[in-house]
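Next come two complexes, and both contain chain A; in the first it sits with chain B, in the second with chain C.
The block that comes next holds the complex of A and B.
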């Protein structure tokens, strides 16, 4: 929270002093962005803050982002877990990323990024880490998890039709040292995979077939260590109705052998109350068949999930200042598992989340 | 002495030969009869047999403390099976349901105990190396098995496997499945006896004349040397017709001595002399050879050897002899004979027995192959000195030679590498002759299942030295109930053998003519008291040096768990 506030204050001060401060300091048009998100359920609280400084030198722009996340869980073992005990656990995760875009010619833009993260990347990872810690800490073979990761990406965006047709090809690789799972038997304790490498290739198309319609389609292929390739696709559209209404819609699907399927779709309706202020209301439905089980002794894979979310928000676009806030709710409904034996039924229980999101940017 | 020990060993092996049967290794399927097995009770270290649970529906649950599905199952089985049927007094037919937990994980005692405590497990046996588990479900855990221990059920045979299952996650309603199997064991149908119409004319009953056989003295009194104040006994074993007994000392009738046992308490010089017994009935009379009773304050004797037949599986699936040393350190020779038994014509022997000597729950000595240890020569020499039959060099029989402090010990014999078979576990007093300050065996005990026929329990003992030894021998059945033992032998009967000859017996200790002496001896040796009027069996006997066996059987061919104890009475 503190970095967000500090950067926001800095931006305000900078904005107040000079609109051209960015050019004088950096020799480039500058934009400071911040984003803040809170997800709160009865036993889990997540926050994520990100500050970005974007500099534009004309042909080249760069964005440096710093992120800070907190994960707080009220860990609760199942009643038959005699090795577990309830406790609260809080972790922080920090991240940094540098992204660069360079317009090689009017039709071709090259992109690249590099980033790193230190800390748990999800409350699920933290929950599982606590589960294994309580069971096995102090036993030969157990090591305290110190998850971190790094990633880089590269790609190109080609404007094959001026202002109306774009194609984008990207490649990304991430390497994550995760909190591993464990299995134990008569031979003792064994750690699961600690390092996961994911390669992702994306191919996207963005078109403006009419002045009121913008569409986008993306196809994605990713491979992760020890798993089958995952295919994904997504289409989205932005459609203007009259002068004040905008409809955004998206739909997507993912598939991983042998059993994972996911589908989702959403709609957002935005009404421009004034030239600079808009109200939006949106919702999204998501459904999957559950993670592919890569269990060792027993599975910690998530069962099938159905979720829905809705959000109501305001958006302001000023000459130099823009912001967007929303409040929403997310309801997750996991498929039933064998409650007789499911050690993760408290992790994968149905939850209702309160979601607060805020984002803003200043040009200076 | 050596000859008597060798003879004793041969007798014991003969019993083994008669009772041995090949070990099946096949996996049980529902509907098959489960063979008896023996595992160790974690709480007491004593062996427990499946047949101990006769009269009950046995719910077996194998676990390892770290196994998540075992953790998931344990509390649900407790509430859904153990508590459920306890509250209802058994299954719908009224048969009690006994939950037995079986621990698969050797070592890691603290974790295992934590599991047991957390889930409130009751009777817990150790099944290390999956000796029994693999007969039901090879590999994996938890394993569940439901066995009908009820004799005379209308629906299932006794010891029939009703249900077995590997894992707990495979079904959404495991407890329901378990209950369905348990509730399906039904009581026997009561059939009204047929009505028999009596004949109109009752033929006269003619009693044929009874020919009375002459008395036949199968075993008479033997020479006896006792210390002053000791109890002395002479025995007369009559295998002929019923006869009156007259005992004579130095040719003079001993007043009031008309039984088959002449008991002389608090013996002094006045009782010393030459004794005979005369058996007389209408057909004839027989007089025994003279037996001399000597009183010698310097005479010594001790319990020198105990041997127990054991059907040993892997782990601790065997009978487990226990012993107590008192008065000073003692060198003991412990042997587990397997391959060596083949020389006696025994089949199905344990190919590679292992020995572990426990003090409490601590292993203080162990051996696999007797000749592989550094003191193999000493073991061989001790065996020869003590009259034990020799192990051939390089065989996989196991032996231990150890000097032990006074205390209580148990011997566990099991098969190496998951082998199974029959073994003979022997315990010898290996103190060198004349050694001073040495202790003695004051209590030898064997707990196990008492069957019928050749499966009655027959521990064997050897008394060495020059003096007679007064022993309190008990076959405890009903009294075990107060220790939480189930499936007890309701009415044990004790028979003491010298060689193959029975010389003394007892059914119910309270009915014994020397019941006051039995009470006194029980107190003196520190044995736990038996309830007045109980059907436990007790003998107080003074025996000259030699080898003896004690046969414990159930009255009326009943079966169950019994503890056979032998105490040295000071």
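The block that comes next holds the complex of A and C.
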């Protein structure tokens, strides 16, 4: 049974129970949250659905999330790839996560989570897996990829100034069994790295400097097997222009030696049409230098990318039901591939994506 | 690399200037405007503008894990 359907059925059962218990489920206040996303280009379609059941006992709350993602690609080899053939591939990925928060004292909240995923985590991994499958399937040493991953995290959030100053420290470790790459020489076929372990430390601050401004800053350090550390920072601000207008702005950067750098930022404007309904319009820009190439002759690392996004949406905030929907577009512009990456011209070609999102929450 | 370091440093300085509450902070009674749904930072999907699929098309946004590692199937 699909996990999302299972969670939906669980919510129905709990909803029936909550009516009898006066909105308490297992002694807790319950909220169901859902989020659905679609990214669609001419040759790739991605979907992601996640449903969460959140139970709040006062000092402690727990959230169980189940996710289902689909990846569909129209794989197309380049014209000079005589070993390849066009093929449609579709994969699904399921995931689950349990997150717990506990208020140890009025100013300190402890957090932890565990989660796992079974399936490809990106369309690019699927594309590359198909590339290597068409080349090497049947040769000694080739194994069908079965990517999966698991992760856990722990952290604390400290309210160092009542209702207006928060600091947050977190640590996460993830282990991903990825679809490996292959190379062949006189010794035969060799598989690339199959398991990546990533450790991430984050330090964040959320503040209310003025009665109209809320801000957040996050600094991040990640280390992944066989790679240099990746540094990241992201700042966000929410400014209330008046009773009806809100401006949201974000900016971030990532940096990994020797050459990867990414910068991004965006602005969103929101107008409250009524007390419960708001309309928002936003845009974002993104730029990176391309991924780190650690191969001598042949690599599938992505070239530099520039992209822009625009989205228009509605949000409703009701007493029990709240939802948000948006429609947008993402335009990605890759730099040209070089002779080491020419086999992936169709993977790293410019695309226009249609982006659809719907999300909501229901208080039982 | 120097530009990237300057960018990160500028973000840090901006954060220090804008993202502190000073000595007293804003009392809860004065937070009506910043407590509205469109003003808060939340993991709840209907209150967040973060896309879970975005890291696939813009890999520099990934926080960690295989996607942030970039070339998961290189070579």
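Please note the rule applied: the second predicted complex is superposed on the first by the 334 of 364 C-alpha atoms of A that agree within 3 Å, B and C clash if a C-alpha of one lies under 4 Å from a C-alpha of the other, contacts with A are read in each partner's own complex, and residues count from 1 in each chain.
Rule of thumb we're sticking to: a residue touches a chain if its C-beta (ideal position, glycine included) is under 8 Å from a C-beta of that chain, and two chains touch if they have at least 3 such contacts.
Note that the structure is predicted; figures quoted are calculated from it, not measured.
With both structures placed on the common chain, the touch criterion links A:150 to neither chain B nor chain C. Touching more residues of chain A than its counterpart among chain B and chain C is C. In the superposed model, A:82 makes contact with chain B only, not with chain C. In the superposition on chain A, A:282 contacts chain C only, with no contact to chain B.
In the superposition on chain A, no contact is made by A:267 with either chain B or chain C.
In the superposed pair of complexes, A:340 makes contact with chain B only, with no contact to chain C.
In the superposed model, A:110 makes contact with neither chain B nor chain C. In the superposition on chain A, contact is made by A:186 with chain B only, not with chain C. In the superposition on chain A, contact of A:167 is made with neither chain B nor chain C. Once both structures are placed on chain A, chain A residues 298 are touched by chain B and, in the other complex, by chain C.
Chain A contributes residues 78-83, 135, 184-186, 297-298, 338, 340-341, 343 to its touches with chain B in the complex. Residue ranges on chain C touching chain A, taken from their complex, read 1, 3-5, 7-8, 11-12, 14-15, 18-22, 25-28, 30-34, 36-41, 44-49, 51-53, 55-61, 63-75.
Touching chain A in their complex are the following residues of chain B: 64, 66, 68-69, 71-76, 104-105, 114-115, 118-119, 168-169, 172, 174.
Residues 33-35, 37, 39, 46, 48, 50, 52, 121-125, 128-129, 132, 149, 151, 161-165, 172, 174, 176, 178-183, 192, 196, 198, 200, 202, 205-217, 219-220, 222, 224-225, 227, 230-233, 235-238, 240, 243, 246, 248, 251-255, 257-258, 260-264, 268, 270, 272, 278, 280, 282, 286, 288, 291-295, 298-302, 305, 307, 315, 317, 322-324, 330, 332, 351, 353, 355, 357, 359-361 of chain A are the ones touching chain C in the complex.
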